[in-house]
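Okay, so chain A shows up in both of these, paired with chain B first and chain C after.
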Partner chain A sequence: MITLTLKEQPRVPLEAEAISPDVMAKLRHDEIRAVPMFLGKRQRRLDDFFEVEGEASEDLEIRGDVGKVKWIGRGMTRGRIRVAGNAGMHLGAYMKGGTIDVSGNAADWVGGEMSGGLIRIGGNAGGQVGAAYRGSLTGMQGGTILIEGSAGLEVGMRMKRGIIAVKGSVRDFPGLQMKGGTIILGGAELRTGAWMIRGTILSLRPIPLLPTFAYNCNYNPSFLRLYAKHLQIQGFSIPHEEGDGAYLLYSGDAAVSQKGEILIWQPRASS
Partner chain B sequence: MNRADFIIYWGGNPADCHPRHFTKYTLTPKGKHVPMGRKGRTMVLVDVRETPSVRAADIFLQVRPGKDFEVITTLRALVKNQPVDQARVAETGLTLAQLQDLVGRMKNARFGVIFFGMGLSMTRGKHMNSAAVLALVAELNAFTKFVCMPMRGHGNVTGADVVMRWTTGFPFGVNLCRGYPRFNPGEFSTVDLLVRGDNDAALILGADPGATMPQPAIDHLARIPTIVLDPKVTRTSRLARVHITTAAMGISAPGTVYRMDEIPLPLRPILQSPYPTDEVVIRRIHEQVKAKPAWLPASFKKVPCA
Partner chain C sequence: MLRITGGRVYDPANGIHGEVKDVCISDGRIVAEVEGTGVRTIDASGMVVFPGGVDVHTHVAGAALNFARAMTPENQREAVKFIHSPELRAGIGGITPTTFATGYLYAGLGYTTVNEAAVPILSARHTHEELRDTPIVDKSCCVLMANNELVLDLLEEGETERAKQVVAWLIWAAKGYGVKAVNPGGVAAWKWGKDAKILSEPVEGYSKVTPAKIIASLAAIVNDLQLPHPLHIHCNNLGAPGNISTTLETMKLLEGYRAHMAHLQFHAYGGDGWNSLRSEAATLAEYFNAHPNLTADAGAILFGNSVTITADGPWQHLLYQLTGHKWGNLDVENETGCGIVPYVYKGSNLVNAVQWAVGLELLLLINDPWRIFLTTDHPNGACFWRYPEIIHLLMDVDFRRERVRKLPAKALKRIVLGDLDREYTLSEIAVITSAGPARALGLSRKGHLGPGADADVAIYNENPDRELMFRYPRYVLKGGQVVVEEGAIRKVVDGREFIVHPSFDENIEEYLRPLFEQYYTMSFDNYPVEMHRVEGADIRECG
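Moving on, here comes the complex of A and B:
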């Protein structure tokens, strides 16, 4: 295992895409210490900012508040990164496999355009979780993002595949222009599913909807049992039993297509 | 002016903020294809409250604050004859009949324009509200000619956008730290950088963020070395470490401004100024910076990055 301990908080954001199991897996201790990172416009060495222990491992542990360290685990395909503290922007962007665990909060663009792997955030996440970068057509294309707390704007913007599950509430525009995949929310502010083409958004609490979504029916989709089983292992529970209540199904966004679906959980009124 | 017979102002008050816009460009002039002038045109104003611009409008639609995105998305659905939920439309402050009438007029126009102001682009939803207008206008071109234009303020903002665009490829929110331009509003845009405290110096040119930005951003500007180039004493220059007084553009300094429709207009000075122009100051700073040694360390072992 490689342990990186932050010496002190950098004054400006540090861009550290080299903190990834793919890069570190074959490097000796002194090579890891010399890995380049960018502090603003200046190229620096990893050991300018971190104490390094261990070598040649796919298992990384980062200690300290790395809330200003961007691009951790960029494009990783295997291994595991654990962050004991907060993580900076673009955590696990473009990742294809492996696991990232963050015990604290994460900033914007968690898992931007990822195509595989698992990201678990213990605290809150920022905006644009699993989103497409500006000008890009597709966001997340696979994998799983699990957030224990809340999240910010534009969660799952233009995502195509994969699952994003947020236990808490998210801000405006979850599932903006989404093309597929599943977003599970503990509630949302405004404009859920705006301009969605396909895909499923599931909310466990009532949410305001755009006028372009039409009510279809009340039902308990059978595919949810599968999802519930899958997410149960990760500590997320989705209600799906007939006796507990039902989902209100809305389809839209009529401004773009009618194939997207929003499911809102409605518990059975206790008599 | 020559073609548009259907004009929408959305989230703006041109009668007060762009007082010559109606008479010089959009409403009253007789155009090549609109020979009747004002009588040949229809003007719709969409805003959250009644402003002096209402008097100039044929139709005034009062939207509830923060409901613009909902209205525009509904219009997009109606343009394609898709069903919408009547009760949720009513929550926006407009009725379905009003919106259907507007869509009918938009489709029947020969040439339509939407001018959108800060009431749209700076309220909840921000860039997505503007994106909604752009999408609506793009879709209306299946039926008739339709264009849109943002109503800009503050002197030469259009010029800054245009120059950034042809130098870096992006209009704003550009980061050049890695030696090539990267664009990510939210990450690299000024307000967000300052609010998060991600920069350790600031050079401010032709702007007064101390008067317009949120308090955390202003606090950060006061904390870091801030350099202001401005002819006048502004709120920003008061909290800056350095204030270089420059000649006022268009009065005592020559230059080019870009009009709102991106037409460059040359300016000739009418007065002499004892102060240097912004351009001279920046050129001299640049020469000094160029004379400094490169920051890249000489020997670095290349490590492959994923």
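Moving on, here comes the complex of A and C:
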């Protein structure tokens, strides 16, 4: 295992795409220390910012508040990163495989345009979780993002595949221009699923809906049993038993298509 | 003073085809001989020496290109980065390079002169400011005129002489070099949601003005004004199946005038729908070969990512509907418009495969290299830094056939590229990339290496891999200074701008002033580009 301990918070964000198992797996201790990273426009070394222990491993642990360290695990394909503290923007962006665990909060763009792997955030996440970068037509294309707390704007914007599950509530525009995949929310603010073409958004609490979503029926989709089983292992529970209640299915967004679905959990009224 | 020695020189304008001879430079110009001490020598043994490249039709500055840059951040993330250094400004390459990077990339390819082919007068000031920030290369601008309502109104009234005065005044106001006609009448009609598809039918909003009238009138005006570059025309029905008839009709209208046909590849299609689209390059080339009044540039496409940007608004709307990709539309008051749609050309797509073949077929079927020039209508067909890929395809028939075989089987029945044996020689490449376009632009000091020419020289390592050879020149000289060495920018110099000053009756301003007050958002006095905005202006008096 390689342990990186932050010496002190950088004053401007540190570009740390080199903190990835793919980069570190074959490096010796002194090579890891010399890995280049940009602080603003200046090129510096990893050991200017971190104490380094260990070498040549796909298992990384980062200690300290790296809330200003960007691009951790960018494009990683394997291995594991654990962050004991907060993580900065673009955590696991373009990730293809492996696991990232963050015990604290994560900033914006967690798993931006990722295509595989698992990201778990113990606290809250910022906006644009699993989203498409500006201008791109497609966001997240696979993998799983699990958030224990809340999240910000545009969660899953233009996502095409994969799962994003947020226990808490999210802000406006979850699933904006979504093309596929599944977003599970503990509630949301405004304009959920705006311009969604396909895909599923599931809310465990009532949410305000756009007028372009039409009520369809009450049902308990069978695929949810599978999802529930899968997410249960990760500590996320989704209600799906008929005895407990049903989902109200709304179809939309009629502004672009009727193929997207928003499911809102309605517990059975206790008698 | 500088002497380039030992290289095989290709200077087709002066009848030199690969002779080993010295090229001498003094004070930024080519001279017959340099003597005395302090003569630096570049040993070009094993290399070929070309005049610096001239791009007759490209889009490197202005409002439309900026709109394209803003619309495609996803391309810019993938683009080559230019890191700020003591010599270089920061920038990015990619499909729509930033201003400074455009200069570096063109120079890095051996190109030293570029013609920005579509400048609305209203955004000319901004265009010149961007061109000032496009270093190394010399520049010129073609000004959009075929949908200018001031001009069209005069043609409607039959006031041809006054239209000529207005055109001349507008060219000088924009500090332009030539006149460009884009989809004549079609962009004006687009403001009514229409297009101008038939050359003999009146343009929407007019009763007498037809595309044919606009084309013939502008060609005559450009002729009368004695501009160095003839009318630069983008025909109606760009990109549409069966547009060969429109293109031929346009060429017939131009009989008796010189004209430059822009990006001919997009205008040489047969068939009556996307499913029946086929190459008509042979038909077009046959007519073109028999009409020496015309020049053209290829507007070839290459497979991959691109952004289409053109003043042809109605076409862009159609392209957006076809692709479902992003679409931008700009209206430029009384003058023109512009549409932007990012596009990916795919080898597996039947239409794209035919387009790819048509560009190469035109370059191979038009016999006289002095009349067809290498372009991709950057960034529409492909980026200018991909020109070496086209050179490779032109120079190597086996490589070309191998590529043709990879096209969809259906496409092979609609093209003739597989049957063409012609291979370009190095001399012919020097013609289509430099000598020819320089002559078409009327730039007497460009495109050759005779005494008096600007000392713009590209020196390439002789290499059987033509793509590699032309991608990385060994040296590039601009105005006698070594600006590129082994693929790296050594020195950044400022480029000049070529401008024409056609003669016109000053009283035309009395006619224009009230029209401006009535129709324009900009005041008349603020409209012309001030001379001091143009850096390194090289003014030519005409008429």
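Of note:
Just so it is clear, the second predicted complex is superposed on the first by the 271 of 271 C-alpha atoms of A that agree within 3 Å, B and C clash if a C-alpha of one lies under 4 Å from a C-alpha of the other, contacts with A are read in each partner's own complex, and residues count from 1 in each chain.
In the analysis below, a residue touches a chain if its C-beta (ideal position, glycine included) is under 8 Å from a C-beta of that chain, and two chains touch if they have at least 3 such contacts.
Everything numeric in this text was worked out from a predicted model, so none of it was measured.
By the touch criterion defined above, A:L263 reaches neither chain B nor chain C.
When the shared chain is aligned, chain B comes close enough to touch A:L209, but chain C does not.
Touch criterion met: A:K41 reaches chain B and chain C at once. Looking at the shared chain after the overlay, A:Y133 reaches both chain B and chain C. Contacts of A:F173 after superposition: chain B is touched, whereas chain C is not reached. Set against each other, chain B and chain C differ in how many residues of chain A they touch, and the higher count belongs to B. When the two complexes are overlaid on their common chain A, residue A:P13 makes contact with chain B while staying clear of chain C. Within chain A, the residues touching chain B in one complex and chain C in the other are 41, 133-135. Within the complex, the chain A residues that touch chain C are 41, 133-137. Residues 11-13, 15, 17-18, 20, 22-23, 27, 31, 34-36, 38, 40-43, 68, 74-77, 89, 108-109, 127-128, 133-135, 172-173, 176, 190-191, 194-195, 209-215, 253-256, 258 of chain A are the ones touching chain B in the complex.
Residue ranges of chain B in contact with chain A, taken from their complex: 66, 69-70, 73-74, 76-77, 80, 82-85, 88-89, 91-92, 124-125, 128, 135, 176-179, 183-187, 198-200, 295-297, 300-301, 303-306. Remark: chain C residues 71-77, 84, 325 touch chain A in the complex.
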